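Two complexes, one shared chain (chain A), two partners (chain B, chain C).
After this line comes the complex of A and B, so read on.
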């Protein structure tokens, strides 16, 4: 089921939550809505679900205009951030709820409901826990019950709001992989909201990045990572350092140093160069295009080591990934070479 | 060296014992002693005198009237309480904080004033008095007046229990039910009500205890007509003023017994379902 959202706008009392948002979720696709808090991603999801009515714009499910279809009739499965499991019902009763509240004519028989619940419990790997109450489950298990409950009504679209937000790192990783598997198994058109760029890039077929109620970019994880459309996308997807440079005749200069980077599309003038920590390498000898600096701090993370380097003489700080074998230490003078980067016209606000 | 036997963040044992003693002493003098006195006085002239007090037709009428009032007032406040807390907890609307303040009004207004308000409204000299008299509708000095006054003084009980719990629970459970295809009514019946059932019961218990025990507001509107508009608390006062102590305390002991039963039921609910009542229901 393809979902098209056309020119959606939605105002809340004080802030505009969505401003002229258009995006298409392809049939069978797993799409992430990624953005910082307040970017409107959850509002967009809730408008698709029918839990919010847009001020302007349309929501189409296939060719059907669903903008004003009540939430009950939209055929969406919604997984809430805090699961919203019915605490007074067992796991089985939770999962079968959507089937049991149907009108008598549409309601499956008790045997069929039973079979359906069993297969869903198997799908979410919770066999044998059907008689438990939500309070007796771990966070990850509750999340899986919430997913099974949403899938039980055979929705046309599956919508998940920060599905792993409340879980610890290890469980998140497992559930991510598992959600990907379920998606491959069911082929369900799925949209999920997250503020975690790793989650979005790892899980989604395509990512829509939102900021201040607007879509900044829609693309595959590869596209948004490698060819970010805006400085915001660049800095939101992964760590970046912004280096104020100057474009002159198709190449970039940092102060008086010519960087060996071509920027043919950049007009002459102040330019922002965005660098990933691994876009900068250490150089052994000073030559054209090398920058010198001093190591201020070295930090250890799970993935590797990061150095904060203060450039000489400007004092501009850039973050650089240290090579595994590097013996560099704090206060060492070092030489750097910029290997690649992404140039955008200089923004007004400097100093991020 | 061993550490001192109490935690560093706690008072010393002497202070704790003193504070506990003060508490018990205070409760003993002001609560337990009077309660015991009621039963002692009621059985002062023997068990048969005690039970004879309930043979009196006026006493029976008072008991019947009190039960009737509770049967009318409590369900009405149940409906009102659910509606008010539902509206306050789940919707955003103008005048919400005013509504919350208004719900508390009966707690802050003296019951006598509440009673007088109804006399001013419905009494013979009151705003609606002439119209009511023309249509031969009796409100003041009759059952409707007593019920109105009772509803007024008891209406915060259910709403006050439900509002914080419903606010804490938010709306996502109901939204989940809606996305699964439930109608609004189904969502309310299968999700909202079960989520608040214990707090609701608790509120109803408190509401009932107050409805049966209310004196001030009811005294103003009832007119003290024996056998007709005398509730149990009013009847107790009349008997007492007539120096009929055994009968007065016998009826009073029934009210006290009711209070104790309510308290026991409340304690049981708190012990058994404390988390759900406090809104911390495991989730």
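After this line comes the complex of A and C, so read on.
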């Protein structure tokens, strides 16, 4: 089921506002809505679900205009961040709820409900826990029950609001992989909201990045990572350092040092150069295009070592990934060469 | 066999370290306090009644006037508590879920029947519902007589019980996660299905608690009832009044006899309500 959202606007929402948002979720796709808090990603998801009514714009499910279809009839499966399980019902009762509340004519028989619950329990790997109450389950298990409950009604689209937000890092990683597997298994059109760029990049077929109620970029994880459309996308997806440079005749200058980077499309004038930590290399000898600086701090992370380097003489700080074999220590003078970078015209709202 | 050390540990598990210092002191204090305030007076009551002997007690209880007073007291209390449980839920729901001008004022007003001296409430109700009162007069034209009838007692008992019914469910309603209702809606449930299957069942224990408290309060109510009831034997005489009458007749044994029976019925009722609660809580899996 393809979902199209056209020129959606919503003001004065309890959650964040939306401003003229248009996006298409392709049939069978797993799409992530990514953005900082207050960017409107959850509002967008709730509008698609029918839990919020937009002020303007349309929501189309396939060719059907679903904008004013009430949530009960919209055929969406919604998974909430805090599970929203019915705590007075067992796992089985929770999962079968959507089937049991149907009108008699549409309601499957008791045997069929039973079979479906059992196969869903198997799908979410909770066999044998059907008689438990939600209070007797771990967070990860509860979220899987919530997913099974949403899938039980055979929704046209599956919507997940920060599904792993309340879980610890390890469980989160497991569930992430497992959700990907379930999606491949069911082929369900799925939209999920997250503020975690790793989660979005790892899980989604395509990512829509929102900021202040607007869509900044929609693309594959590769596209948004490698060719970010705006400085915001660049800095939100992964770590970046912004270096104020100047474009002159198609090349970039940092103060009086010419950088060996071509920027043919960049008009002359102040420019922001965005660098990933691995876009900068250490140089052995001073030559044209090298910058000098001093190491301020070195931090250890799970992935490697990161140095904060203060450039001489400006004092501008950039973050650099240290080579594995590097013996560099704090307060060492260092020579740097910028290998890559992404130039955007200098903006007023620096850093974003 | 379980090693002795472990067994000792299980035996003393109730002495878990806590922020309140001095377990022996605190525990002794608790026992003494409960004994002095609750248990000894109740025991005295039973001892007093035992001077009647079983047949004497039987005679007191099977007295026609006593029976009718007990029926009126417990029957009307039950009815009033039932009505309060329902409307208390509605009032609590409105106070929690809606924002309207004067909400805080209304919120405070709920506690008034609780805070008011019961005699004051009794006088107010009697004046209001008397045959020439503001409400009593139009009602009497409709052929409804409130003062000096069981209906008057019922109204007084509803009045004093309302705060209990409202205040016990209110925090639970405030705790209900809106997402639960939204989840129910996304699964295709209508609003009434959501209400009956998702919203109300978790509230049941609190509603029952409110019912029990309103009931207990109503059974013991005296001040607010006597003025409006008229205290006509066999018609509008409640058991607590009959106890007072017996005392005034210096019939102490008769008075304690009625009191013991009231105690027994109240105790049995609360026990049943507690059992229902334990059962329903176990059903919700968080016992």
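Heads up, the rule we're going with is that the second predicted complex is superposed on the first by the 344 of 352 C-alpha atoms of A that agree within 3 Å, B and C clash if a C-alpha of one lies under 4 Å from a C-alpha of the other, contacts with A are read in each partner's own complex, and residues count from 1 in each chain.
Simple rule for what comes next: contacts are C-beta pairs under 8 Å (C-beta built on N, C-alpha and C of every residue); 3 or more make two chains touch, one makes a residue touch a chain.
Here the structure is a predicted model, which is why all the values come from computation and not from measurement.
Novice: Chain B versus chain C on the shared chain A, clash or fit?
Specialist: Aligned through their shared chain, the two binders clash on chain A.
Novice: In the superposed arrangement, which partner chain does A:80 touch: chain B (first), chain C (second), both, or neither?
Specialist: After superposition on chain A, A:80 lies in contact with both partners, chain B and chain C.
Novice: Contact-wise, after the overlay, does A:68 reach chain B, chain C, both or neither (first, second, both, neither)?
Specialist: neither
Novice: Figure out whether A:299 sits in contact with chain B (first) or chain C (second), or with both, or with neither.
Specialist: In the superposition, A:299 touches no partner, neither chain B nor chain C.
Novice: Look at A:90 in the shared chain and tell me whether it touches chain B only, chain C only, both, or neither; answer first, second, both or neither.
Specialist: Once the two structures are laid over each other on A, A:90 reaches chain C alone.
Novice: Look at A:102 in the shared chain and tell me whether it touches chain B only, chain C only, both, or neither; answer first, second, both or neither.
Specialist: It touches chain B and chain C both.
Novice: Going by the contact definition given at the top, which residues of chain A touch chain B in one complex and chain C in the other?
Specialist: 49-51, 71-74, 76-78, 80, 82, 84-88, 97-98, 101-102, 134-135, 149-150, 152-153
Novice: Show which residues of chain C lie in contact with chain A when the two form their complex.
Specialist: Those residues of chain C that touch chain A are 177, 179-180, 182-190, 193, 197-198, 201-202, 283-286.
Novice: Show me the residue ranges of chain A that touch chain B in the complex, using the header's touch definition.
Specialist: 49-51, 71-74, 76-78, 80-88, 97-98, 101-102, 134-135, 149-150, 152-153
Novice: Spell out the part of chain B that touches chain A in their complex, as residue ranges.
Specialist: 172-173, 175-183, 186, 190-191, 194-195, 197, 281-283
Novice: Sort out for me which residues of chain A touch chain C in the complex.
Specialist: 49-51, 71-74, 76-78, 80, 82, 84-88, 90, 97-98, 101-102, 132-136, 146, 149-150, 152-153
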